[in-house]
Amino acid sequence: MMDRYTLWQRIGIYAGIGVFLTFILLPFFEMFMTSLKPLNHIFRSPYQFWSDDFSFDAYTRMWERVPNLGRYIWNSIFIATSVTILAMIVIVPAAYAYARLDFPFKTQSLGLFLSVNMFAGAVLLIPLYKLMRQLGLLNTYWAMIIPGVAFLIPTGIWLLRGYFEKIPKEMEEAAYMDGASRLYTLRRVILPLAGPGLVVVATTVFITAYAQQYLFAVTFNSDGKLHPLPVGLLQFIGYQNVEWNMMMAAALTGITPVLLVFLFLQRYLVAGLTAGAVKE
Amino acid sequence: MATLELASITKDFGAHKVLSGIDLAIRDREFVVFVGPSGCGKSTLLRIIAGLEAATSGRILIDGQDVSDAAPVDRGISMVFQSYALYPHLSIFENIAFPLRVARLPEAEVKAKVARAADILQLTDKLALKPGQLSGGQRQRVAIGRSIVRNPKVFLFDEPLSNLDAALRGEMRVELSALQRDLDATMVYVTHDQIEAMTMAHRIVVLNKGRIEQFGSPMELYHHPATRFVATFIGQPNMNLIPATVAGTGAEGLTVDFHDGTRMTLPVDPAGAHPGDRVEVGVRPENLRLGQGLAMRLRVLERLGGTTIAYGMLADGLKLCAALPGDTTVHEGEDVGLTFTPADAHVFDAQGRVMRRRQAPALAA
Amino acid sequence: MTLVADGTAAPQRTRRKALSDRAFAWILIAPAVLFIVAIVAWPLVETIRLSFTNASLAGEDYVGLANYEKLFQGGKFTEIIVRTFVWMFFSVSLKLILGLIGASLLMAAVPGQALFRILIMPPWVIPIAMGCLGWLWLFNGDFGIISGVAQAIGLTDGPFAFLAYRNSAFWAAIVTDAWVGTPMVTLFFLAAMQGVSRDLYEAAWVDGASRWYRFRRITIPQIMPVIVSMALMSAIWTFNSFEIIWILTQGGPRGGTTTMIIDTYKVAIANLQFGEGAARAVIIVIMLALFSLLYLWVLGRVNRKYGVK
Amino acid sequence: KDVHYIMCGDERQAEKDSVAAFEAANPGIKVNLEFLPWGTCSEKAMQMAAAGDPPALAYIGSRFLKQLSKADQILPITLTPEQEAAYQPGILSTVEDGGKRWGFPHAFSNKAMFVNCDLFEQAGLDCKVPETWDEMKAAAATIKEKTGVAGIGIAGKDFDNTMHMFLDFLYSNGGTVIDTVTGEVKFDDVPARETLQLYADLVPVMAEGATALERGNLQALFEDNKIGMYVTGPWGMGQHAAKNYKAGPVPHGPSGGSGSILITDSIAVFKGSGVEEEAMKLAAHLTSGASQYSLDAEWGLPPIQKYEEMGMTDLYYQKPEWALFLATTPTGKPEPMVYNFASLQAVFTDMIQGVILGEITDIDAAVTEAAEGIKAIQ
Amino acid sequence: MATLELASITKDFGAHKVLSGIDLAIRDREFVVFVGPSGCGKSTLLRIIAGLEAATSGRILIDGQDVSDAAPVDRGISMVFQSYALYPHLSIFENIAFPLRVARLPEAEVKAKVARAADILQLTDKLALKPGQLSGGQRQRVAIGRSIVRNPKVFLFDEPLSNLDAALRGEMRVELSALQRDLDATMVYVTHDQIEAMTMAHRIVVLNKGRIEQFGSPMELYHHPATRFVATFIGQPNMNLIPATVAGTGAEGLTVDFHDGTRMTLPVDPAGAHPGDRVEVGVRPENLRLGQGLAMRLRVLERLGGTTIAYGMLADGLKLCAALPGDTTVHEGEDVGLTFTPADAHVFDAQGRVMRRRQAPALAA
């Protein structure tokens, strides 16, 4: 379109984006600054943006201070990945059923599914704990994976259903005409076609699973080796000191993997939301 | 290769009756086209034949065998969809090979069959591409390729050309006709484009509101439309309908009075008509010519080269359309007279039924 | 594949097909149903049951509606409900406004656009608890950057601890919650805006409509259904948002940031009064259900009003 | 047999070694030692108990023992006469209720007043720990006036620390919350009013945003010369080692002599773990002489037992700076024992924050109301 | 109401040249249609006129005034989009009123203007509805309504009928022609449907690869195509092109030899042709008739009623198409002879340029 921005509009846009990004990134900046400060300099006012004793020390020392740190980061990734895989295994068939098949109580049950979003894990914590105990899952990865999966299923179904609905019905009918079974069609036609949708949903599930690892881990797991990063970070809180610089360094280090995943897939994600989610 | 019979097929969607009492017998190697306005049930009927949709009642016989309950693949039919339904993630080769893969044919056989289909459809050098890299007409051919590798007894097409532009549509029309002859196949073809119907069909089924209005060859429909609906639906531009009153009946036919007072005797079977009855006289634009007769003011002229289509209005507001020779020198806004040969007229009674024409042209083929 | 919708009049064969389709559908959704029943539905039923008992560390006895009666005595709980809705209202509004502004800015075809779109995502991507740690620092009066900069440029003449006062702590929690939620809202709005046909803007421009006019009369109405959807989803998340307030203020000072979910957690988990906590949880669920019904009603109207199929 | 033991804080070598020694001495018992971070560990153990899946034993604030015993979740302990005799005086009272003892005290601390000599001198004061509230108020006011920096740091966040610091001052004014003998609530009295009034008086000179401050923040502020004084435990000696500070007993108010809160943490043995006997054994082992000493030494806490009497020598607390904390231990008083400590804490926090925020102006009424609240919890 | 001049307009998208050196003068009240194959730059040129796109170079004058840098609204143009671009959330009334609201006209004036437009377009009883509740043709009219309320000097249309079905398209074509006359407006209309171009335009611009191939009245293009491209693009079915070799030139015209040995003298201007040159002889299907001449095997017959289109092949594989009278009795597979009058032939040289015909029909209007 020829409707170009004037110089002032352009400046305004960049200024606006600048302010917006400042708001978004400020905490990360603060975390980064903190990670650079030596422990005895962390609490020093007035606020300093730079001082000679800033260094990347914390990034090396944190591995010694909490020897399991690497393990925690790995746990986080492992748990999020497992949640994603398990959730997708459950979500894909269900989303397909809701997109394509007719069965009694279809809309009602979908509504019930979606209403799961109304329950915070915190509200159901005690009964969940009992359940985990009865199933013998306490202090295993499963205790952190399974509740995570359950709370992500509804949104996943809802998102993926949108993609499945976008696949022309004729694709399936054509395969059906050729004698392909439902599973064959699902495998050879539907899933490849829903590829971008699967990426979007899986990424969303992964990110959410990564972001919400605190409550279940703290409650259902007491095995120090299995903790995800957000819980592992608490180890920087000592009896006498909180090692803020190392904690922030560890936090920033720990979020890099997921940021990388996101960076890699964000193209699909933004485009994918246009295609799938925003249909209503 | 096969005959196809439909016996009193009906279809309801809930309370909505979409098809009622469809009886149809399609001959071996016949090219039958379903036409009709949007929503009349063409696609539904085709899908019932394909087995994609279950009929509410009625039976389907292919080669005399009842296949009403058979799965599509067991009916020996194949179908080409309006959207082509190509698999964008598979190569052209794999698209065409899809039915063979489903049937788990050995690789060599798959290769041979796909090669043959590709050869027929001139797709041999495109086999490695993806559907997204092909033009509309080529995609159309891939869809056909997928349907012929299985050697079905009956081919079904649902508006296969409607996504193509005019020039390509004309081309594909010719190709499809040739293909039908080459494959010696029975084909059922759905369209709402009556030019396609007229040019391709051996016989045409005109559907309206879930019923068959008429089933016959194109020329039969053109010259002997059974109803007012068929008459106006077939032929482009549409047939003009001029209201008139029956003045009398006789051996030469029906005598009618037009609103402007003109009286004319038309050579049709006047059975059941009584003086004073209101009828409509149908005249195709191509049967109107300049001359003493209906006085029309020209509104718009469309000069197509070989012909000029003249749109205008009679004094009483009735819109008429005439196809005049391309070299006619008339102007928009001019008043002209239009006349026609009585033998070219169709007459419809108040219920829209035709009165049989006596001097219709001999039917081709 | 399409099924006969009414089973009653259909002949035998269609019914058979429909049945097998049904069975297939049930097989497909069975795992999902199983998960939800086990992990959500059963605990929910258990929570409802607990709400009629005095369950605590010491065991449980049936007490009828006593928990509920106690809840509504004294008006303290009503105060918390009101605060929760105020918190939800401001937080959701802030997210929507920021999301709209952000999405509009990111729609602008300027160099760097792709990079900016990536840069707004981190808050969504990282664990909420970690983001909150960052804000905890920012809000610190003596050592935080906000107070620090404010002092440096003379906005305040001493340190200001945002989390120390009812109002500022309440707003700090809102800002943090908005921060967590804004990227996702922005992303959805961005996607919705990209879905608006360019023709509509060009047509309006040919008619002389300014940018602002186009935004007001085309963009907003066109994405209205998405705005409403996001409003509900954010509202539910905000309503249930626990970690943010817990890490920043633990509901203080003097209850100034205690929302229903914080209150429930304090009673049920910190105080180990499960029965009373369960009653609170049940009230939350009822409120959200009512809220969702209201929303669905609004969404229906909006969809009709804005001509979306 | 598998014995699950929940310990608080980051990993302590002393505790690990003691556990290892125990395992070596008791083949067949495997101890599953878990360190949980402060702030979640006690809660975690109690939640597990509530869900019917208690750990065998757990390190827990003694203040929770009453609640756990009432709920029939933990077992009473029995001490041999030597064990009993080993504890410093007053320690065992923190685990007693209804004539029984409910935990093995495992860590203990009391408090003192730390003053920042740099700031005192800047304000033109002699660096000396105030002995009375009046002196303290005057010093704080002077520092605030002369240096612009807060005279004193008071904790006011929703955190256990807030109540603890208040109790330090209450106990230094002869106040009581609940009579340990009769169980009567004694809070609604003059000492409490005076203490609350003290807080009100200090508001203008205390560190800004006190309602958002807890122990860690105060420590940082002190270290950064942002407060003139504050009350903290013996760990302050380590934390402020590089600073020019002085420490002394908590200043006393008009109605009593200096004192401080005496906090103990204990090892509680849970009912229903199936390994109660082994757990008892382990708890006794961990709190016995050498094991207990090494933990105290590593953590830098006041000695919980009479190590000299056990014949130990070269003790860490024989360094001169420890004199203060050793000397003031006998003046300490335990936390009030109630069935629901969280609720008790909520009452205190609410009252204190009310005063700091200026929302409470009627001190009398506030104390009376708080006393009512405490009674309701009992 | 306005003239429109384009002076050496060019447009590049990056390295891709889409338009090169477009010069065009459109008269007041003229109805000009841009046609051309997909991607030839029609829409781009229209959008440049509208001001939606900036030309890389060149100037645009409306009524003699340079508007190259003016915003769309200041050019006095209005545009109807292919998608109609109706605002789905606004009522029909508000859709039509949109430009007036932008201009902040008083309510009474808005009402009056919308009412007038609705009246012209027969939308009066639909004003309260939403676009979603209208049929395709009605939506099309709403889009036109929105463009006429502003009284623009020039109307621009980008394929406004391409989303309609055939019958409706025919109807709207007539209505648009009538509207243009009623409004006395200058209109520029883009389409790739040559029937629309032929029937509606006063003059047609044929675009090809970003250049103007020819600019002239429909009959001019039909009878005097300037190039081989125009000749095959205009006319349906397409003109047949028969390769031939120049045998000699003379006063009566050009003598050519066809591949089958037939020799013919065609009345065209042979300037520049030399014996031995390869040329192509173009003959429209409607100018072919049965008779002694080219020997063709019929492949497919399309019986349209009034005419029968015969598709076939010469012995050398060249595909030909002839439009025969409807009553011709030929059959598929039959060998027939085809002939034509030399005066009807077009001749194109190897560069695709036409040789001027000497006996072309008089041009209409």
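Here the chain labels run A, B, C, D and E in written order, and each chain numbers its own residues starting at 1.
Just so it is clear, a residue touches a chain if its C-beta (ideal position, glycine included) is under 8 Å from a C-beta of that chain, and two chains touch if they have at least 3 such contacts.
These numbers come from a predicted model, not from an experiment.
Minimum number of contact steps separating subunit A from subunit B: 1. Highest inter-chain contact count (C-beta pairs) belongs to A-C. In this assembly, D is the chain whose CA centroid lies farthest from the centroid of subunit B.
Centres computed as Cα averages put subunit B at a distance of 56 Å from subunit C.
Taking each chain's centre as the average of its CA atoms, subunit A and subunit C sit 16 Å apart.
As a whole-number value, the distance joining the C-alpha centres of subunit C and subunit D reads 39 Å.
Mean C-alpha positions place subunit D and subunit E at a centre distance of 93 Å.
Touching of two or more other chains is recorded for residues 52 of subunit B.
Touching two or more other chains at once are residues 1, 3, 42-45, 126, 130, 173, 176 of subunit A. Multi-chain contact residues of subunit D, defined as those touching 2 or more other chains: 47, 50, 220-221, 224, 226. The part of subunit A that touches subunit B in the complex is made up of residues 168, 170-171, 173-180, 184, 189, 192-193, 195. On the subunit B side of its complex with subunit E, the touching residues are 38, 165-167, 170, 173-174, 177-178, 181, 192-193, 195, 198-200, 218-219, 222, 235-238, 284, 286, 299-300, 302-306, 309, 311, 323, 327, 329, 331-332, 361, 364-365. If you check the complex, the residues on subunit C that touch subunit D are 56-59, 139-143, 158-166, 169, 249-255, 266, 269-274. Put simply, subunit D touches subunit C in their complex at residues 43, 46-47, 49-50, 67-68, 70-73, 156-159, 208-213, 217, 220-221, 224, 226, 340, 342-343, 349-350, 353-354, 357, 359. Residues 4, 6, 9-10, 34-40, 44, 47-48, 50-53, 55, 216, 220-221, 223-224, 226, 235, 238-239, 242, 299-300 of subunit D are the ones touching subunit A in the complex.
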